[in-house]
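Naming follows writing order (A, B, C and D), and every chain is counted from residue 1.
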């Protein structure tokens, strides 16, 4: 019955709130720090336009010559076009966050139902979908994402879709393995024995118990999606110049490197790193909290 | 006792590993020092570039900058333009032709050829090779060749062998810039042995492309200052080229001997950053195309390198698509185009994006070219009062903004396209009555969108094939640009007449007036708006001499040398 | 010092106390425990799982698993207090002076090493001058002694059955002819027939090699006949210490009595097997007085509040119980 | 399912998986809206020109014909023609770019495993100490760094500020090692044809090995299947190797790996240069991957250090180093090895970005380059090559796993 326990502990730990997390050792702290980073990043991006000292896309807010290093007026320096890096940092997270959110959403919409159905239905459907998913899973993710993004063209939605294609198999595999375990558990059998319909069993009895694992996969995938989105931007498949985006700044900053303009890449790079790190911490923390382990 | 022994043994094992590592390092360092010491001083000149031959260095097909540079250095044309000149009529020098005359009706050009010039296999160059080269180019007529290259037949009617050393070109109509045309790389003389053999029926399949492992079979020319003796490509891009002096070069004995450097290695870098760091580190002697604006600015203060600036023939312009497939008919109104043009601030683009390494351009003809004017200055730079009032006439205001889409190319085909577009957007929007949406496409899609005519406003660029105003002024008429003004432009009939006259004329003063007229009409219509003119940049070690960066855009490797 | 006057025991454990320092608090696994062992003796260490007997065994060779700590006491091997030794010095004693046989032979051998390699490694670690060939020769001899064909020396552990593997483990423990061999539940993981064979083997080896043997087990029945001395442990405490026969005939502690009653005896036609009610205490928060009182049918009031002392009820027979303490008190008063 | 049949299933599964993958990539490239041919003309192309291009690329055929031709081509090692002018063979492009990627991948995996094992073991042996926490934080942070950002930082520090290492490319001009070059005359038909030959040769050697195995009466058929598959692939690889050499008439570096070729040349100067150029890119990629290995080594070591045989080894008085490395690590290494296979996919993804950062002329750059050219057939070819590479590496790792773990025997 370990899966039932997972569910109970999941609820038990999260309904009372974060405070109880502090008692969960390093995993709890990881979750707290991670969600702190993520929340502040999201908050910053949402509120950024109100707080940024300049319009992040305005040209030459700093008088030439540009790029200029950090100074009093421009604490993070300016880029080649004389745009204020601080403003761009404050507002630049939206693309990454949108892409990550959308891709996780797409994964959820595709991966979970397919996983549920395949594992529940079994037989040929299961075997074929597993084979398809496995071939995607074994494939180098970024290569596939790049190829698909290249075919579909630019834009946030297209980026999210191409990333989703790469990560759907993780959801599928997770859901499938969980369902296969839960399907055999006595209470599911009991539900079936008392005449519950397949649909009811799937939605009422199985799905709720899969949710914690999906949450873990999703948080871990957030980090991967952000890094993949940054990678897509770096190979020239990001969004255009008129949206402030850390990935774009980092990409364009590369040509300014030889002249020693470190500030142009350092700050956006650190922001992406922090965002990905936040999600990684939450993901790792949660997976440790929600997965029963041998206590040492 | 035993314990001590154990630990001693452990220590000795660690020591042995450390000793082995140290010995290996010392040995490698020793051999390194020895081999470095023994290495003979390098005789080759190494040039670095980020360019690459696109697909072929066959004059019948190549239409890319670097392919032409290699053609120029390995092949030879009938006439050449004097290095460092501005390509006026007096600047054409004999090359494979020693003398030429034009008939009174301006239709027939007769060339006397240089005698005793030999191909690498010892065959003597003669009039039949000239006829062969042009017949081949016109026969292959490759749609992807240079625009006029593919339309040789609209200029040249036939090439006739008069005698062994005399050849005659019969034109379709009088053509002023004919010598300029003959001096361009598409007119390099090919060696029939490597160009498909003596025959008359030509097709696209006869183009000579790169062949892995066999350099000589990969190009057709034979008479230039250099022989291409090694050419490696990795994954469809150039990796390294080796040029060795051609012992049969006709001009070998000229002042001090040409080429000046016996062996030149061309090393290809993936991007400007790598190229800049290579020249800085001294890995290469010469860096030519492309080093980014910030890097040029940076290197100008570096005492270990020399930065050369020259006239650039590359121009960037903005095209207002006439009737962009059903979306913005307003652009058909010349008043809107003029208003938008007035919003532009050319010097701001040049200073912001290019750190003043490009210069504002107010005529379709670049500065340094016959017929260059300042016509577009009439509309001014950031002339917002004019723009706002013109647009107000048409009902556009801060509440009813003119909405336009500005396209840029995103895969690096033009320098800093995205940054430029961001600047133009801010300039248009500074008027307060224009709302710009930026859109980007990679180069192939951009090119196709251009052919389809779906982009409202987009950026385009040009560098010349042959060095003559004719090769710029035609941009107003280039069918492949597909901006449609040719049929519908208000002043296009007058412009076209002036253009045709200028083309046929060989009298410079006459042509200057005609091109000025064309520019004036262009300002009235604003179909194609010049923005900036590029400068040419090269970075070398301080002791490299013989760099010519002139309007011809020809990179004359044969004149480069290292001063000891 | 004169060896003739004071004969040092081979192994002496003196008021040894071991704690596990967990996140939730300290757990006392071994509490103030002492005993001594002479050459050629067999000591049985009996207790339920969690009674601290394995911890005791491991603490003798200073291998209490993390986060265990020896907080007090001494362990003297050949008179050397090993608690004070450096890691490196202790390492030299393990295997050389003390052999150890583990509970589960299936997991106690390195699966990626051949049997011979285990021996070579062991012998050459402790006697670096021995060549590989010599080590192999000795290994084969030892294997022969434990009843394994010497030519199987080139097999991998997974190619042996459980009993065979335990024989290999024993061979590894005795290969360097140590003074003491500690066998921690050597037969628990094996089936009954093999169990007896292994125990007999250990006994025979003790005789031939002349070493002392500590047999740690939860099964009182198997040590009763085979051990010279037996220590019964409960929740980290020594509750009874006596010779095998004495313990068999006169168990004093209620816990020992309970253990004895739960042994099936074939000779008795109708035996009522009785299990001890309840379960061992939570050592994070042990009962205040006697650790056994909750399960003890004879518990008195002071058992709840005070820790019972250890009393010698007859020569060489020690018990930690108020019942016996009172008795001896009475005896003394009498 | 026991491990043995798992591996057999793995081998058998690989075939449909690769097949499926090929089909998916083929489809993805085909569902592109619009006509890809349209994009490849400088000027508005005439119908004839476009038809000619379609004919050259076989795009004029019905979809199923294209599909089967493409599959048949793959068996010959022919990935079709590039859409770029000249219509080069994509296989040739890929084979000329592959050694660079291979060299980068090999060195970075060495670095990753080295760092990962060193720090992972450190962390596990000093469990819950400051050292352990620092290493864990390092592992987590390194995983979250965009690899190209890491690359740019290293580039900035080590080649722009300190000027210790070059910033991009594979080697200095004039320094390309020759290796021991082979000189063959170019066979008629070139690369593709020679590669084609590898197929029947591989097939025949497969058949022979099957028969031979039958003769020896090996009872357990999966072992025979495995061995014969190995022979098949070995035959194929040997042929492909010669084909690769044959296609360069002037001779080629013997391995294409500059570090090795320069040593074969006996030219230490070139070797040092090659290592200098290789260092930063492989360090970047290696660091990125090391995070995973640190975590994996640490957790596996923690599990293994708890196992009985480790305690037993300690109880025998073995040295701590041989307990940690000879016992714990050797047993913990197998899952790490499996991970190495799985990480290969991630490695290749990282290689694309690293190659772009450091202008490393490998397959990653080729793919990015072709994307900006919208060279669909080449993108298809490169993606498929990546996919097959990963599948083969995973298979090899699995088989290696079986051979390294003595508990698994067929």
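Things worth noting here:
Just so it is clear, a contact is a pair of C-beta atoms (placed from the backbone, for glycine too) under 8 Å apart; a residue touches a chain by one contact, two chains touch by 3 or more.
Just so it is clear, the model here is predicted, and its values are computed rather than measured.
Nearest to the overall CA centre, using the mean of each chain's CA atoms, is chain D.
For the pairs A-D and C-D, the count of C-beta pairs in contact is higher at A-D.
Of all the chains, the one whose CA centre sits at the greatest distance from that of chain D is C.
Annotation: 27 Å between the Cα-based centres of chain A and chain D.
Centres computed as Cα averages put chain B at a distance of 88 Å from chain C.
Averaging C-alpha coordinates per chain places the centre of chain C 54 Å away from that of chain D. Centres computed as Cα averages put chain A at a distance of 45 Å from chain B. Shown for chain B are the residues that touch two or more other chains, namely 6, 271, 273, 277, 411, 442, 445. Of all residues in chain A, those touching 2 or more other chains are 236, 254, 257-258, 296, listed in ascending order.
Each of the following residues of chain C touches two or more other chains: 66, 92, 125-126. Contact residues of chain C toward chain D in the complex are 58, 61, 63, 65-66, 87, 91-96, 98-100, 102-104, 107-113, 121-122, 125-126, 156, 158, 169, 172-173.
Those residues of chain D whose C-beta lies close enough to touch chain B in the complex are 38-46, 49, 52, 82, 84-86, 88, 92-94, 96-97, 100, 159-160, 163, 166-169, 172-174, 176, 186, 247-250, 267-269, 271-272, 319, 359, 361, 363, 365-366, 369-374, 378. Listed in rising order, the residues of chain A touching chain B in the complex are 57-60, 64-67, 80-82, 153-154, 236, 240-242, 252, 254-259, 261. Contact residues on chain B toward chain A in their complex (touch as defined above): 271-273, 276-277, 280, 292, 294-295, 297-298, 348, 351-353, 355, 408, 410-411, 418-419, 421-423, 425-426, 438-440, 442, 445. Those residues of chain A whose C-beta lies close enough to touch chain D in the complex are 131-132, 134-136, 138-144, 146-148, 150-151, 223, 227, 230-231, 234-237, 250, 253-254, 257-258, 260, 262, 265-266, 269, 272-273, 276-277, 280-281, 284, 296.
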